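Heads up, there are several structures right after this.
Shared between the two complexes below is chain A, which pairs with chain B and chain C, respectively.
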Partner chain A sequence: MTTAVISGFGAVSAFGVGSAQLFDGLASARSAVGQIRSFDASHFPTRVAGEVDVAAIERHWIMPHLGIINTDTRVLDEFESIGAWRDRKIVFGLLAAMEAWRNARCGIAEQAAGLVMALGLEQAFLEDFAPFFNDKGIDWQAEQAVRSTGFRYRSDVDLAAQLISRLLDLTGPTIVNASACAAGGLAIAQAASLIERGTASIILCGGADSMVNPLGIGGMTRLGAPSPRCELDACRPFDSRRDGLVIGEGAAMFVVESEQRALQRGVKPLARVLGYGSSQDAYRVTAPRPDGAAARTAMQCALKRAQLDGSAVDYINAHGTGTPLNDVAEARAIRELFGAHADRLPVSSIKGAIGHLMAASGAIELAACVMSLQQNLLPGTAHHQQKDPHCAINVIGEQPREEKVDVILSNSFGFGGQNVSVILGRYQ
Partner chain B sequence: MMHQRHEVYVQGAAAISAFGVDWRGLGAAVTTNSLALSPARQLADSHGSVIASEVAAIPLAIDVDARACKLMSYPARLNAVALRQVLHDTGWENGRDEIAFYLGVGASGGSVAELTEMLRASIDEQIFSLERFGTAGLAACNPLFAFQLMNNFTLCHGAILHGIGGPNSAFYSRGNGTVAALSEAMHLVASGECERVLAGGADSALHPVTWAQLCREGFVDEGFIPGEGAGLLALSRESDKALAELSQCEFHSTAKLRSGAATLVSDIIQNFKPTVDDLVLLSAWGVPSRERLLQACKVSGVNNVIDVAACLGDALAAAPALAWVAALDLLVAGKAPRVLVLNAGIDGGLGCIVLRSVA
Partner chain C sequence: MRSAQRVAIKGWAWRTPLGSSIENVTRKLLAGERAVRTNTRFDAASYLCTVASSIKEDPAVVRQRRFLRRMGLFALEVAREALCHSGLLVGDRVGLFFGYGGLRAHWGDMMPAFEHQQSDGNGAWERGMNLLHPYWMLQHLSNNAHALAAEELRVRGEGATFAGANAGAQALAAAIRALEAGAIDTALVVGYDSFIEPETLVDLAARGMLTTQTENSVTAPYDRTAQGFVPGEAAASVVLQRVGSSDGRDLAYLQAADGADGEAAAPRLSTITNLLANLTQGDTIIDGAGWAQPAQDNAERIALAKFAGDDTMLCCTMSALGQLGAAAPLVQAIALTEQLCLQMLAPIAGLQHAAAGLLRPLTSATPINTRSALAISMGTPGLAGAIRIDVA
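Here is the complex of A and B:
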């Protein structure tokens, strides 16, 4: 079977634009969670987030980060004309994709690539309703009379994928995974699957999301998902005092291709995609399965595909949201699947440092895993200080750990019960 | 993008559409070109009389209970009902935690009543206030409103209600995402990774925000007829009691189509090698796409063409799946030995599947 490898990646996170910024932040055990600045959240119950440091995105902010000079900017002009930068994830996805494309040394010969992208739901622009809102509610007749070419009320889910595909002039198919917090992992898993079965030889894949906007933050707050404390240490994965997540934003994109193709074009792969598996809790709308059974199934399927025994896994990058129910269910799943090996198996979550990137969380966490393989450094778990006896796993504390590992498993367990586990291996 | 084919069989189906909640008969309905159009109930308050292909009231016996409904978008509800129907159709009662589920989903579509209450508490003198939204607007809506908005819940609500626990993904679809869902499902069965897989799409063009967008973007002026529904196919490697064989599932990039849509359609039809008994069903998003597909069929000399969207309207992410189920019904009824279903999305993406009779 063809082996799928990662030959380049890019990242945008609260640590900054670029994978180096992500690595530096994680390596220095910093937390990038801070007060929300991109809109006035002072009257919101949740006022902290893992936010990319840009208030309102404009073209002059994008261009220096884009890092390409030969691109026909008419595509950017077109997207700007419809107000695309209002939806932050579109820009984050674009910047991460361009970094991945550059780092993998892709060019014209790679334009047959497909695009598999995890994207969150449309960004809502509630302020757009205001001019058409009266005592009776939304005046749809009035709004019909006002024509415009840009977004109104919401963006389109797949705009980031459209923009990337068109800017790079990709001729392969575009697939948009909309599986919430599991989407990023699922996108990379699907890309690897398409490579393995010979359907494609190179795919640009990953995820982008931002829910750092009024309805995103507000809607999640109504669900009770974020920590009620608006402190910088609001997200404390696997800590006995944990009380909720912190919303983050950003993107991570990867070039996944067949090992043969990468070597033929002189690119040394960064990691192998060894296995992946998905499952569905099929339990409740509002909570994960407390026994972690479906999460365990996802990990088991990934191990089976990788043809590995659990003891071969050297490190787990956990979903680790910092919510009371999720962390204990994930810990239980790890403990039951890995048995005594779980006593030694290091586990960490980077969500305390950069927040929960929702549809992009699996992607950014896999980017962190690639760095671990490259730099022999396992990220710490920001704000994890007090062990929870109900989370009986070997959680790495706040400081990162220098350790050479060969096999890493990354979990993503989404709202709605969608689970995915992806296993990466060191490229020797 | 084309997959290696092994035998993949269709064991059952479901279709919730303007023609009702029983998939059997959907093929006959589209063959007779009988339009199931009426003024849309869902748009009456917002947009007056809009002629649409709308799902009639869902019978209580198969509908989702009222409590669960409050958490769902309408497409999620349609999918949950379709899921119930397909599980009944296949008799897949046991081992549901291993059944895989791949679904094309559309834009988010929460309750307009909830949205209105949120806005009422947040807007003063036609000015949206973040302060009012943060202090009162959020509290004015159902705390679980987000579960109506999240696109993946179109899949998840049904999976939770019916205990479908296998591998799964929700694909955002402007047409091709639904074909991508079927393509993944087909691969899982063909490769032996899963014994049983469900795939399809669910969506509605009758949400006021969606309809307003379709109007603004000019689709309505072009003759777009809004539709809605959910369609599912149940796939397995078991040939016993199979209704049909799914022998092909492809989807093609928009980039290729920009320069050569007609050529690509022509190639697909030539590869299909239609006989006089075979049928071609079209499911296109929007009138220009439909006309392009019709023209390509005409140029290729195909006569047995049925335009599903002309009967069912444009059901967005559900449209390809409803066409597949109509094709299945025609096969089962002995109307053709093979059916090619072509769909074209709003972005120009092209999908094609081939179903063949096992009779």
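Here is the complex of A and C:
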């Protein structure tokens, strides 16, 4: 079977635009969670987020981050004309994709690439609705009279994929994964699957999301998922005092290709995709399975695909949301699967530092894993200070740990009980 | 690229604008019946498009209605029925793959939160966000139907939810890959979608894609006077297994492929022919995408003829049911299997004056002796899905 490798990646997070910014932030044990600034959240119960440091995204902010691209910028003009930058995840996905494309030294010969993208909810635009409200709702007749050519009310669910595909002129298959918080991990898993089975030889994949907007923050707040404390340490994964998540935003994209293809074009892979597995909790839409059985199944499937024993895993980048139920279920799954090895198996979550990127969370966490393989540094767990006896695993504290590891497992356990585990290996 | 794997269909169910019974809907398709009516799902009198092909019945009242809107409930129903129809057992080796076109968000649900908002977004919480239902996020969660189906049916194997206008084809292709890889033994695949939402109709009409004709004057796809498609809605589910079981319950054999080329509107001809090239070639008939726009219909016929031959018979399930978005390939799979088994192909519903061009658009039910069929579905931007059905 063909081996899938990662030959380049890019990231956008609350630490900034670029994978180097993500690494520097994690390496310095900082937290990028702060007060929401991109909209007036002063009266929302949730007022903190892992927000990318830009208020209103405009072309002059995008272009320096985009880098030099040998492409027709009329595509950018077109998307700008329809107001695409209003949906922040579209821009984040674009910037991460371009960094990955550059870093993997992709060019015209790689335009046959497919695109597998994890994306979150369509964004609703209050400014579009507001002028057309009457006492019965939206006055659609009035709306049609003034309709402009741009998209209104909501962005298309696959708009980021459209933009990236058109800008890079990709001709391979496009898949949009909408599996909530598991989508990012599933996107990389699906890309690897397509490579391994020979359906494609190179794929641009990853995820982008932003719920840092009134409806996203408002909806999550009403659901009760974010921490009720509006403090900068609101998300405390695996800490006994944890009380909820912090919403983040950003993107991570990867170039995944066959090892043979990468080597033939003179690119040294950054990591191998050794295995992946997914499962469903089949439990409740509102809570993870308490015994962690399905989460354990996802990890088992990934190990089986990688043909590895659990003892071969050197580090786990946990889903670690900082919610009371998720962390204890994940810890149980790890403990039961890895047994005594879990005593020394380091586990950390980066959600305390950058927030929960939802559909992109699995992707940004895999980006952190690639960095760990390259830089021999395991990220810490921001704001983890008091161990929870119900989370009987070896959680790395706030400080990152210098350690050379060869095999990393990354978990993403989504709302509704959709689970995925991906295993990366050092490329030697 | 290599050929798509062939898998066996073991069970199915659907909710269509012509009904929920496989036999009755097939009979109506063969009779050339159309579901298009004046849109009564909401007051659309002032819209450019005033017609729709909508599902007549309401979803059953179930406990999951707290978390699901109408189409999600239909998705849950067909998943349940398809699994039951297959007679297969659930568990860790059953995967679950959903495709939906997009939220087609139910803004009506959000009016309490929106009606007092201002354009600058200031004071958004007090102006109504604090009135959002606590389950609003779950009701609009992209994978909510998937999660609830997994919970109710105890499906615990691999799976994912796909989005976009060809999400049904994406879900079928992913399920087939998982079966081929041996990760699961059975795949439950669901596609559901509805274009019959206010903002979706406004958006599609502004792009000139919808018919502006009335219930009695709507022209059919591939007609020389075609003026746009009828918005439709459906939910459909199939149960798949690898070929080779000896239980005698194979309803048909399926291949699926999905593709995209980034075009703003319809996919390029080369995208369609490349998709079809993934499927087994041979004696066949074609179920077209039928956007009911003369230039696009003609381009589609050119692409299909390149693959299947100039005189291949052309039918169009969407002519009877309206455009079904992500549900289209699953509905086509069921409809074509039934027609292949009956050895009778449905006409293009409402087709009176077929536009000149390649392929042979059917104006009446036609006896056939082939055992295989191809189906194409398309969506924007540049999205396409293709399936091949073979019956024993």
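Just so we're on the same page, the second predicted complex is superposed on the first by the 427 of 428 C-alpha atoms of A that agree within 3 Å, B and C clash if a C-alpha of one lies under 4 Å from a C-alpha of the other, contacts with A are read in each partner's own complex, and residues count from 1 in each chain.
One rule holds in what follows: a residue touches a chain if its C-beta (ideal position, glycine included) is under 8 Å from a C-beta of that chain, and two chains touch if they have at least 3 such contacts.
Small disclaimer: the values here were computed from a predicted structure and weren't measured.
Superposition model on chain A: chain B and chain C are shown in a clashing arrangement. In the superposed pair of complexes, A:Asp158 makes contact with chain B and with chain C alike. By the touch criterion defined above, A:Leu22 lies against neither chain B nor chain C after alignment on the C-alpha atoms of chain A.
Of the two partner chains, neither chain B nor chain C is touched by A:Ile195. In the superposition on chain A, no contact is made by A:Leu337 with either chain B or chain C. Contact with neither chain B nor chain C is seen for A:Ala367 once the two complexes are overlaid on the shared chain. Using the contact criterion defined above for the overlaid structures, shared-chain residue A:Ala251 touches neither chain B nor chain C, since it reaches no partner.
Of the residues of chain A, those at positions 39-41, 43-45, 119, 121-122, 124, 126-127, 129-131, 133, 137-138, 140-141, 143-144, 147, 152-154, 156-158, 162, 165-166, 169-171, 173-180, 183, 186, 190, 193-194, 197-200, 214, 218-220, 222-224, 277-286, 294, 297, 301, 414-418 touch chain B in one of the two structures and chain C in the other.
Per the touch definition, chain A reaches chain C in the complex via residues 39-41, 43-45, 78, 115, 119-122, 124, 126-127, 129-131, 133, 135, 137-138, 140-141, 143-144, 147, 149, 151-154, 156-158, 161-162, 165-166, 169-171, 173-180, 182-183, 186, 190, 193-194, 197-200, 214-215, 218-220, 222-225, 277-286, 294, 297, 301, 305, 359, 414-418.
Residues 1-4, 46-47, 71, 96-97, 101, 105, 107-108, 112, 116, 118-120, 122-123, 126-128, 130-131, 133-135, 137-138, 141, 143-147, 149-153, 155-157, 159-160, 162-172, 174, 176-177, 180, 184, 187, 191, 208-209, 212-213, 215-216, 251-256, 347, 349 of chain B touch chain A in their complex. Every residue of chain A that touches chain B in the complex is listed here, in rising order: 39-45, 114, 119, 121-122, 124, 126-127, 129-131, 133-134, 137-138, 140-141, 143-144, 147-148, 152-154, 156-158, 162, 165-166, 169-180, 183, 186, 190, 193-194, 197-200, 214, 218-224, 277-286, 294, 297, 301, 414-418. Here chain C touches chain A in the complex through residues 1-2, 46-48, 67, 92, 96, 100, 102-103, 105, 107-108, 110-111, 113-126, 129-130, 132-138, 140-144, 146-148, 150-151, 153-164, 167, 170, 174, 177, 180-181, 183, 198-199, 202-203, 206, 258-262, 264, 381, 383, going by the rule given at the top.
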